[in-house]
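Okay, so chain A shows up in both of these, paired with chain B first and chain C after.
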Partner chain A sequence: MGLNIDNLWVINVAGIEIWITETIFYTWIIMLFLIVIAIIVRIMLRNFKEVPTGIQNLIEAAVESFDNFAINSLGEKLTYISPWFFMVFAFILSSSLFSVFGIRAPTADFATTFALALATFVIMIFIGFKHRKGDYLKSFFSPHPIFFPLNLIGELAKPISLSFRLFGNMLYGTIILTLYYALTPLFVQIGIPALLHAFFDVVFGVLQTYIFVILSLMYVRSAAE
Partner chain B sequence: MKELAIAIGMVHIAAAIALLNGLLTTFGQAKVAAQAIESIARQPEAADSIRSIMFIGLALGETSGIYGLLIAIIMLFANPLINTLISLISN
Partner chain C sequence: MLSRIVLLAQEVPDGRVFALDTQTLISIGIQLLNGIILAVALTFILYRPVKEFMNKRTERFQSKVKEAEAAMARANELMAEYNSKLEAIERDRDKILEEARLKAADESRIILEEARREAYEIKKRSLESVEEDKRRLKEETRSYVVDLASRIAQKYIAERMDAETQDRLFEEVVARLEDAKWQN
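The block that comes next holds the complex of A and B.
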């Protein structure tokens, strides 16, 4: 773990260099972890029961609580996009929890958070055009056409502030932990960093995941209404 | 060499000044939290919804602090002006 994002391998594909950085590699690890969990859950849920027991109970509780959360913040008619946000929630949460093991969180790279925020932005525009059609375009020119640049900047600031908030919060935990590991002698590096990891990775990770998802849901809802 | 030393020292002072916006950010966040506690004390049955709104308010208020942090980090680790200065000196 360090301040810089290290480059692990360079792959040549038809003369184009593709850099496999730490972020991409750890994203693959987290994707593999989530896919394996999904496959295990799918196999265990093969005999689906009406009255849930064991693992089915746990999965149903997780999905149901996220569904209630999405209905509360999105409204009834937009809940069909909540699976995407459940995926975002699972990815950001597991990436910040994986950094407990000393790997650099993929969300501490601006590319990852900007990709997630850009996806929210695209969904926001798509939902706006789908639910309000011409009214959505007209809302950029309200209350008067002279406000168009202001409204456009306001819309473009949403993905930027969303991505910078998550990136900054994840990065400063990484920086403080790197400084701690670099500046202290070896005998205080056992045990005490666990508290710092618990604070910066677990507490802030869970809080920032929640904030990222709920702000995305609010942006999508405000585009549709 | 002396110009470079002055520029690097200035960059560190500028990064410290950029982080000073934490003062106002903290003040704003404290105000949000205080109001939320006051409303929860007045209406304990609405505590859950007030708490989620409080987190959104805290996150929105935190944005300016994060921008200051990012500006400080960019100035310290990825400053384009320092590279320009180095190339100017070496020429």
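The block that comes next holds the complex of A and C.
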């Protein structure tokens, strides 16, 4: 695992060169994994019992916990956008956990984090106009029209800060682990990296997932109120 | 597949950690599209069906809870109805008992009155009978005494007195007997 995000393929679509990076490739692998898990759960759902047991407990707990988390953060009236954030949560968490297996986390690429943050920004604007209509636009000129540039920068800064926060946090784990593998002798590369991976990929991964999602939900809620 | 990737990687530009260029924009677009595809897939395959399952189960449980609450309310109503009926029965019983007690008391009083009256009548009749017997005995005694005295006097007079003295003495004895009180 190197520091650079390698390019795996270069394809040409209507004269435009498109680099298929390892981030995109690993994203597809994670997508495939999550979709396969979803399909398995969907098949299992036919045999779900009234009183949950075993794996059913785990699935219901995961969905219900996220649903309650989304309701508490967004409020009842905005829960219709919670499926998007369920995907964000599942994807960022899976990315972090997959890096335990030596895969470069897709979230350690700015393209991924900015794409997710941009989606949050678009949802925020959409929700703001849907729920507050003209008032949302007025809020850019509040408390005085002279504050418009500051308010605009404040809004635009949200996706940028959100994306750079996740990108930086995931990248620094990758950098530290890469340096560790590159600079240490072989005999200390057995056992100890497991702890580093557990710390940077699992603990930080879960923490950064939570931070990214909760901040996104807060931004969306503040746009609606 | 890895060898194919490596072969392709040799023909493609070198990787980088971070850049702000057209390729990054294209990558952002691809990742956004990936995110949308994943969101749609997870929503329709996993999130919504599981939520619908849980919501339906919650609704079923809520309806069962409501049914149980309705049954409990009906049971409470029946219990209240039975209690009120029991109270009414208790009241009726007390009323009947009180009436019976009063009736028995009345009958007892009437019986006692009748008994008392009959006793009085019996006593009265007995006293009258005694009085009658007393009077009759008195009469009989007087006649007997008179007769006895007359015989004694007759005998005495026959022996000692003349007829005039005999009549005077007879009258005196009769008068004394009339004045004497009856002693049982």
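List of remarks:
The criterion applied here is as follows: the second predicted complex is superposed on the first by the 214 of 225 C-alpha atoms of A that agree within 3 Å, B and C clash if a C-alpha of one lies under 4 Å from a C-alpha of the other, contacts with A are read in each partner's own complex, and residues count from 1 in each chain.
The definition used in the following text is that contacts are C-beta pairs under 8 Å (C-beta built on N, C-alpha and C of every residue); 3 or more make two chains touch, one makes a residue touch a chain.
On a predicted model such as this, the values are computed, not experimentally measured, just so you know.
The superposition on chain A brings chain B alongside chain C with room for both.
Contact with neither chain B nor chain C is seen for A:Ile123 once the two complexes are overlaid on the shared chain.
In the superposed model, chain B and chain C sit 120 degrees apart as seen from the Cα centre of chain A, a figure rounded to the nearest 10. In the superposition on chain A, A:Leu171 makes contact with both chain B and chain C. Of the two partner chains placed by the overlay, only chain B lies in contact with A:Ser161; chain C stays clear of it.
In the superposition on chain A, A:Ile81 makes contact with neither chain B nor chain C. By the touch criterion defined above, A:Leu97 lies against neither chain B nor chain C after alignment on the C-alpha atoms of chain A.
Touched residues of chain A were counted for both chain B and chain C, and C has more of them. With both structures placed on the common chain, the touch criterion links A:Leu196 to neither chain B nor chain C. When the two complexes are overlaid on their common chain A, residue A:Leu207 makes contact with chain B while staying clear of chain C. In the overlay built on the shared chain, the residue A:Ile29 is in contact with neither chain B nor chain C.
The superposed arrangement places chain B and chain C with a least CA-CA distance of 7 Å. Shared interface residues of chain A (contacting chain B in one complex, chain C in the other): 3, 167, 171.
Considering their complex, residues 52, 55-56, 59, 62-63, 66-67, 69-70, 73, 77 of chain B touch chain A. Interface residues of chain A facing chain C in the complex, by the touch rule stated above, are 2-10, 16-19, 21-25, 27-28, 31, 34-35, 37-39, 41-42, 45, 48, 50, 59-60, 63-64, 67, 83-84, 86-88, 90-91, 106, 109-112, 114-116, 118-119, 167, 171. Here chain C touches chain A in the complex through residues 5, 8-9, 11-18, 23-24, 26-32, 34-39, 41-43, 45-51, 53-54, 57, 60, going by the rule given at the top.
Those residues of chain A that touch chain B in the complex are listed here as 3, 161, 164-165, 167-169, 171-172, 175, 207, 210-211, 214-215, 218.
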